[in-house]
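I am attaching a structure below and will ask some questions about it afterwards.
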Amino acid sequence: MDILIDSLLAILTIYLAFRCMLAPKLSKAVFVFFAFGLMLALAWIRLGAVDVAIAEAAIASGFMGVLMLDSLRDFSLIFSKNQERLEETASKIPIKKDSYHWTTALALGLGLILFLLISIQAIWEVPQGGGLTAIAEANLPMSGVEHPVTAVLLNYRAYDTWLEIGVILMGLLAIFAAGGLKQYRKPGLAPAQDPLLRKTILIFTPVLFLFGAFLLYFGKMGPGGAFQAAVLWGAIGILLHLGGWTVFTVIPRRMRQILVTIGLGFFMILGFTQMATGGAFFEYPPAYAGFLILVVETLAAISIAAALTAIFAFLTK
Amino acid sequence: MMIKEIFIVILLVAGCFFFLAGTLGLLRFPDLFSRLHALTNADNLGLGFIAAGIALYIASPWATVKIFFIWILTLLSSATSSYLIARFQREQEKSKNGEEE
Amino acid sequence: MLTLKHFLSGSVYDNIALRLVVASFLVKNVFSMDAFFIIVIIFLLLNIGLGLIRLWRGPSIADRLLTTQLFGTAGMAILMVMAGYLNDLTLLNVVITFNVLSIILVICLVQVWKKKKGEAP
Amino acid sequence: MKIGTYEIYSLTSAILFAIGLGGVFLAKHFLRKIIATIIMGAGVFLCFVSFAKRDALTFADPIPHALVITGIVVAVTAAAFALSLARRIHKLTGEDTFGNEK
Amino acid sequence: MKEFPTSALPALLVGLPMLLATMSLFFRVKGRALLGVLGSFLVGSLAFFAFIEVAKYGTIIHILGGWEPPLGILLRIDPLAAVFIGLTAIIGIFISLYSWWYFRARIASIGRFPLFWPLWFFLWAGLNGLFLSNDLFNLYVTIEVITICAVALAVLSGEAKALKAGLRYLLAAIIGSMAYLFGVALIYGSTGTLDLNLLGEVLKPGNTKTFALIVITLGLLIKKAAFPFHFWLPPAHSAALAPVSALLSALVVKGAFYMMLRLWTEVFEVSLTFAAGQLIGITGAAAVLWGSWQALLQTNFKLLVAHSSVAQMGYLLMMFPLLIMAPGQDADSAEWLAPAWTAGIFQVMAHAFAKASLFLSAGIVVMALGHDRIESLRDLVAWMPMTAMAIGIAGVSLIGLPPSGGFLAKWMLLKGVFLSGQWWWAPAILAGSLLTAGYVFMLLRLAFAPARVKDPFRPVPKILQVCALLLALGSFLIVIPAENLIQFLEGSKSFGSGIESIMKGGGYGNE
């Protein structure tokens, strides 16, 4: 019976991805993409990856959704050449349809189908590798946490996670580089006039914070952890920015810098300290492993949240 | 046991019914405001029924609290969001920029 | 037609008892909660599929956003039923994640898309 | 031939990857190209996690889950960067495709 | 992996640039530049120290977090990695010095260059991480670090042209890394490990592996701008600022090449057929011919140099067919492997030096003239003799005239080609050299030609010219320690190893 759910979900996912690429209008594509994100989150659940599902849910309906909606607005406007000034709301102007000469389309389509068939055959024949479940489980008591995914992320493969926290910081810098730093100082969105809107934002702020903190702490023993919490906390910043409280531009520069770098920096300094005392990079002393992982996760979540807020605040200018 | 299961079944079926009603409303009603009305009401009710059914099925106090929390939050957010969408649409229609594309 | 005689002879009780036995047999062996959950999940998924029509037709951006709200709610319902079906309480955390973030798209639409003509982007 | 959860999702992953790949090359609008890269990434991650499901013992293999979370973060950062570039180009020149240069 | 000495060096080589990048965020413009230059010397000396340690002890490893593979990640610095790290360090120091003066000279015009320093150090950390990595997924993370930093640096000028080129670069790179990751997923699914050393042992030939090899190779070919996928490189490299172009051309594209070399010789040895190598060789030869020809047609200096990068990267690809034995050949007795490897390594080094020098010179020219049209190079010799000399020397190395590093690389490649009997690569190599000579001499002829109209040359700091000249000289100087370097490299497991074709002896599938 399970197979019914799975196949329906798979068909919906594929259909949505396909429609997303073929939608004649950009706005359709974007909204179909949101639905695709939801289906994907359900697929993660079906595959038993609750951590990934939380991350996907947070990203698809949180961060990426907002960025996409915002960009959609941007792309349906027309800017005069070489001027950063809005000319008119171009909702009447159709977005160019993607059209190709039929020979090109046919050749590319055939190539893709060939690639697809080969890849399906390859995937079909993947031998049973066994994975690393057994080793991961055996070392779990020494890792300081009870949830294997958190153990992998923050202990066994902490190096990857460290680089990943770095990647978010680099992404922020990259977005600054693309946009020009000067823009950053412009005023943000107009403050929300609607009292209900303001109230809603203010109600949701503590809810998001508390649930993020819960996920962060719960990551020790179950699905959750730094990244999921970070997206929720980042959503606070995004919400506040949407409501006109430009938190990230208001706080002093030094504070901003500390917020954005503290996750990466603390993780790194912890690693260096361990090396100085004779351990390996990212090796935790077993007695404090659980505590240190929690601290690292908290600081990483703060940094990522700040970076996501900054990305959003910067992009909506 | 059986009585409980019957209750769960009834609650879930009711939830499904309301979801279907909401979706049909979304599809069949002529303009955004009536769609908004149909969808938000029916969906919240449907989610409430399903939540109640599942809470009954799981029967753990912590989960019940969570599910209740989910439902309250949904009520809050969907009420707000339907209000916001409606107001947004009205403003858009007022300024004649409403028709997209 | 039921008469007093039937009640006195007790045959009707037999009959009801028999019915109860049959019903409980059916519930226990043919009807299972898992199968029911799967049917509910599939129903809700099809519901989402129906909603896609509105997503496709539009016509305004608000309609599309409304449809994604429906998807969000139906997705939450599916996740809850799955939590019952898989007996995994951690799925409720996924539901809450969807829940607390569902409002953000609406607020984004309302705040970002309302920028008026001539306003600095 | 047994068809189970793993088989269905691993096939889905291959199809998603192909759709995304086609989309990046064939779609013209920047935003759609970026969405296509995300779909491609979704295919890859689905592939990873479906292997975790297949090789599950008492619990599913945690390594792919962790890798996928890392991968999603990296992919989203790259996508956000691409979005910012695309929007900046649109703002500066009004263009939303690469045009005929390619 | 127990037999190798453990040291903190590999972790420091990634950690230090990362720390410097994070620290530099807290400084303002001038402090960042100062920290950048000092930091580059610091990282450079660390790299030098690592080089010496490797020469002394051989391969050095660092087990991150104390978790052994396959569960954990292992950093490994072997002679091959040490050479790449050392190359990065030398070129990095020169480019840092150059950028300091370059940005000081241009600081008044545009105010966002302070981002150069943190991004460059993040890029450095990524490059070092890539060279040290011994884990398939970690390689993915490091190439993403490199990609994001490289694209961010490429769009630093903020012009629409650079942004467009950058977006195209980014999209191509994302496709490349996703294709790579797809292959990684398949490999993990079929073996349950990500560690390169373990993979080399447990990976069985089969459809899965072949497909994984294909997608990984395709992904890396996109990332290193091999022939059909080179479309993103020339605009991105030519539209960037001068020091950034130098970084991208000299170091970033080498990252994907290094990965490909590692994966082909250490992980996929038993899946490769002779035909696969030939295919890669053909794309390489096509890149050499097409890139050189395009370079000859360009009228802009930077575009010319960027197209020349496509061509020179093609030479690197022509090393791969030589590594794969034809059916019936034995990898142990193949005497062309050493020349082929030497050619590859020296081509990497010579091209890195020469191309960095050329891009830096292009930056000087742009700074002096305000544009980079080639016809304005007239009378360059009189105005900026050092830059003219740098262009000449670097150009000679690109052509492959003795006694340059480029000559050594091309000579060894030719030697390998003839020894292996795959003579059909020789015409492409020679034609590429001739075409290269064409565009280099075109540049030099203009540089020596008297100016018809005196374009106003603005004064350029001498130190910039010195940097470019020293880098150009570097492409000659690498020949001097060539013998020792080869000896040093032979300590690496993969250096000089060949790949036996699976056609031999009925294939490995029976095992």
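Annotations
The chains carry the letters A, B, C, D and E, assigned in the order they are written, with residues numbered from 1 in each.
Here, a residue touches a chain if its C-beta (ideal position, glycine included) is under 8 Å from a C-beta of that chain, and two chains touch if they have at least 3 such contacts.
Chain-to-protein mapping (UniProt): A = Putative monovalent cation/H+ antiporter subunit B; B = Putative monovalent cation/H+ antiporter subunit G; D = Putative monovalent cation/H+ antiporter subunit C; E = Multiple resistance and pH homeostasis protein D.
Since this is a predicted model, take the numbers as computed values, not measurements.
Under the contact definition, subunit A and subunit C share the contacting chains B. Least step count on the touch graph, subunit B to subunit E: 2. If you compare D-E with A-D, the chain pair joined by more contacting C-beta pairs is A-D. Among the other chains, E has the CA centre that is most remote from the centre of subunit C. Spacing of subunit A relative to subunit B, judged by their CA centroids, is 27 angstrom. Subunit A and subunit D have CA centres that are 13 Å apart. Separating the CA-averaged centres of subunit B and subunit C is a span of 10 Å. Counting partner chains per residue, subunit A has residues 2, 27, 46, 74, 79, 84, 89, 95, 119, 123, 126, 129-132, 136, 156-157, 160, 164, 167, 170-171, 174, 178, 197, 200, 204, 207 touching two or more of them. Those residues of subunit E in touch with two or more other chains are numbered 137, 141, 144, 148, 151-152, 155, 163, 166, 182, 186, 188-189, 192. Shared contact sites, meaning residues of subunit B that touch two or more other chains, fall at 73, 77, 80, 84, 87, 99-100. Counting only pairs that meet the touch rule, the chains in contact are A-B, A-C, A-D, A-E, B-C, D-E. Partner subunit A is touched in their complex by these residues of subunit B: 73, 76-77, 80, 83-84, 87, 97, 99-101.
Here subunit A touches subunit C in the complex through residues 1-2, 4-5, 8-9, 12, 16, 19, 27-28, 31-32, 34-35, 38, 41-42, 45-46, 50, 53-54, 57-58, 61-62, 65-66, 69-70, 73-74, 77, 79, 84-86, 88-89, 186, 189-190, 192, 197, 200-201, 204, 207-208, 211, 215, 218, 222-224, 228, 232, 235, 238-239, 242-244, 316-317, going by the rule given at the top.
Within the complex formed with subunit D, the subunit E residues making contact are 137, 140-141, 144, 147-148, 151-152, 155, 160, 163-164, 166-168, 170-171, 174-175, 178-179, 181-182, 185-186, 188-189, 192, 194, 231.
Every residue of subunit E that touches subunit A in the complex is listed here, in rising order: 6, 8, 11-12, 15, 18-19, 22, 25-26, 62-67, 70-73, 111-112, 114-115, 118-119, 122, 125, 129, 137-138, 141-142, 144-145, 148-149, 151-153, 155-156, 158, 163, 166, 182, 186, 188-193, 204, 206-208, 210-212, 215. Partner subunit E is touched in their complex by these residues of subunit D: 17, 20-21, 24, 30, 33-34, 37, 40-41, 43-44, 47-48, 51, 54-55, 63-64, 67, 70-71, 74-75, 77-79, 81-82, 85-86, 88-89, 92-93, 95, 98, 102.
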